[in-house]
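In what comes next, chain A is part of two complexes: it sits with chain B in the first one and with chain C in the second one.
Our next item is the complex of A and B:
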């Protein structure tokens, strides 16, 4: 019973963090219908940002959060206006974005190898607290709770953005119908650029905690994170950012249960779940069809 | 009603590839006026309102709204200037509620909750306000498309075949609604195949044939014009 409690509580913490890992990818797909294959690389950059702040400047890695937001602006704004409107005019923007962002991912990874080498880098273990916090007798490191708290705040912030702000309202309208949004007087490019900035910033914020939840950050970690993020958002609902939370929780609890009871099979869990969901409910647990065939 | 034109087209032309679909269209529209656009399929009616609303920029000529050239402006800018439209195949934010559809448009036109409720009532959608837009019938979606356009506070409304598929009672309701909008000073261009319906809302029509303006005047006179008769029944 204690093992099950450990797996469930740990799975919820892990799952909430992985909701943050996937949510930026889902936001970008939902708003722009482009597939950001560089998502994991943006997470990796967030991890290295925190690493530089902590190891290079002796600052708390949490300063990586504003750095990730700044990075989202610096990267997202020119990336949107340089790439996305041209993609949208093509015959098949999704496939073209797939190829283009694969190239961007490889470029980021090459630059990261050049800048940081191929080694795995860790952050000071006590920077986010040196103790454990227990629930129902099951203890988890402070860093897991901090990551979970920041993830909840980020997801809550996104929810409030969607539900309480004019820009968020416009973002939802664009996700529903891009052409109709234009006809309604919404500056679709401006709102979409902001969504790309938010998506990249959320990825960077998740990256700050990757060294704690996964153990380290390295320049080759991006592709795996992109794949995991895709599994999470497809399980939840492709194109529905808040559905990512469901996907993250299913992924987190599934992974922790497997790690607890069948650890050698645990890496298989997200992909087995993904296959099952795609076969039984292709639109995801919360989803509806988002792509016109 | 002011005599100053709200909208003026000057020798507007549009090509798709090597095919010219609009030839030198010139007409004007005053505030509060309803203009009917009629013609056979492929005559350029929808293309005309696509050019005015910015969906397809004009290749030749000028489109002036309140004296300002608007050809080439992005659709959202044209919408913010006060030109909006409904679509032949109704468009809406299908995953959002009916009220939210109208709210999105109203938000960007800085209109309040009372305006939203008034528009929902005016378009007969008040009882469906909390329904998901995608669950509405096609005719209800047409009304929602119109409601969304009205919420942007247009001074020129382009209405594309709103009458198709409606029964006589529904057509009567739409005719009353459109005339009411015109009485409030909103200019309308109504693309329609249903001539009886058009006859109830306007006495000025432009007849198009193969992208050319064949006739401008009353529907009654149009029916006696040899070019119009030839365009509709061949000759």
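Our next item is the complex of A and C:
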């Protein structure tokens, strides 16, 4: 029973963090119908940003969060205006974005190998606290709780952005129908550019905690994180950022339960769940209808 | 008539002379005619991905060897009775078996390399084995030690610089039994290299009357051990044996040090091979009192009969590269040495002759990795690895070989102190 409790609590913490990992990808897809295959590489850059701050400047890795936001602006703004409007004009923006962002992912990875080498890098183990915090008698490292707290705050911030701000309303309008939103006078490009910035920044923020949750950051972790993010957002609901939270929880709890009872198959769990959910409910757990491509 | 006979004799003599010349051309000078201008050694390396660090070290060791022999005019090839320069043809597989499969084929069918050498480790070697066999090429396997590779007789596979992983944990098993450790947990990556070690250790322990209290595999890509360690702790082990690659070891030690849990004995593989990488990632405190396999040059060989002893090798390498050699650098270099001897003794320039040359040197050769001894399945049975403990020394760590007794440089600290 204690093992089950530990796996469930661990799964919730792990799952909330992975909601943050996936949410940026879902936001960008929801707003722009763009498949950002470089999502994992943006997470990796967030990890290396925190690494540079912590190991190079001796700062707390949490300073990587504002750095990730700044990085989101610096990368997202030119990336949007340089790429997205052209993609939107094409016959098949989804497929074209798939190919284009694949190229961007490879470029980022190559630059990261050049800059940081191929080996693994970690952050100071005690930078986010050296103790353990227990719930129901089950203790987890401080770093897990900090990652979970920041993930909750980031997701809550995104929720408030959608539900309380004019930009958020405009974003939702674009997610519902890009052309209609433009017809009502919404500056679609500006709002979409901000969504891309937010999406990349959220990926970067997740990257700050990657060394704590998955052991280390290296230039080659991007593709795996992109794949996992895809599984999470499809489980939740493709195009619905808040559905990612459900997807993350299902992924986290599923993975930890498998680790506890059938560890050899633990990396199969998210994809088995993905298959089952897509077969039973093609629009994802929180999807209202089949999305329009 | 006489003139006719004279012409006939002249023609005969000319014919004999011509055929004699042709024969002699086909005999001795044939070597010179068919000797390649360079010996092409085809191999792969990973510039990125899970195996990048050890793979690049292995290649660096090979290049160091090649640069050394090329300085002296090349490697002596007995089949041509001359020295021929060595050229390394190396492609980047990015730690991907799919990419490696294509590139191994390319080395054989497009580059027509003379010697095919595998990338680091069992995962990236596994895809080379069928390709080599299909093309009847001897696969020089520096560090692919998965026991499943060596289950049948073959002329096309030779494990050079690392013992088959079925052999690795025997000494470890004996150590555990000798210390009367009864509760052992084994967690291993589900790949040939780690799974075969887990199987051997389990069998060795069970033979000694110890049944592991935890015995489970995890995916090779596993990167989070927090829940797993908690599950292991629930079985109350005295010793936790983690068989994984460096990436897994880093994640394992991170999770262990963050968990607040402590075990009397913790063992993992890569502190003995890539200590600097592990130390950089998890710190000296997390590694203190860990047990591992110390791999040369940590284990010293002073009486080699092929190549340098450990000390001069370390000295020369350090002078040339400005850093001390690690285990994979040494493995790459050793592979070059063995190939050099193979080419220097194989009477013909064929893959079967290369293989026979390796068999002939088996059991009679000691390099800086220890005794070279392969069986007919290509498995390396020599180069046995002792057990060492990583012990704090000042601000750093040092290795103390603790088992077997005849190789020990100190006593094991068991149970390991909590830190």
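Here, the second predicted complex is superposed on the first by the 287 of 293 C-alpha atoms of A that agree within 3 Å, B and C clash if a C-alpha of one lies under 4 Å from a C-alpha of the other, contacts with A are read in each partner's own complex, and residues count from 1 in each chain.
Operating definition for what follows: contacts are C-beta pairs under 8 Å (C-beta built on N, C-alpha and C of every residue); 3 or more make two chains touch, one makes a residue touch a chain.
Keep in mind the model is a prediction, meaning the values are calculated, not measured.
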First, second, both or neither for A:173, with chain B first and chain C second: first
First, second, both or neither for A:144, with chain B first and chain C second: second
Contacts of A:120 with chain B and chain C, given as first, second, both or neither: second
Contacts of A:187 with chain B and chain C, given as first, second, both or neither: first
Which superposed partner A:220 touches (first chain B, second chain C, both, neither): second
Contacts of A:259 with chain B and chain C, given as first, second, both or neither: second
Chain B versus chain C, judged by how many residues of chain A each one touches: C
Footprint of chain B on chain A - complex, ascending: 166, 169-170, 172-173, 175-177, 179-188, 288
Chain C residues touching chain A - in the complex, by the definition given at the top: 46-50, 52-53, 56, 94-95, 187, 190, 216-219, 221-228, 230-231, 234, 246-247, 250-252, 254-255, 257-260, 277, 280-283, 286
Residues on chain B engaged by chain A in the complex (per definition of touch): 53, 74-76, 79-80, 84-85, 87, 91-96, 100, 103-105, 107-109, 148-149, 152
Chain A residues within the chain C interface of the complex: 2-3, 6-7, 10-11, 14, 109, 113, 118-122, 125, 131-132, 139-141, 143-144, 212-216, 218-220, 224, 256, 259-260, 263-264, 266-267
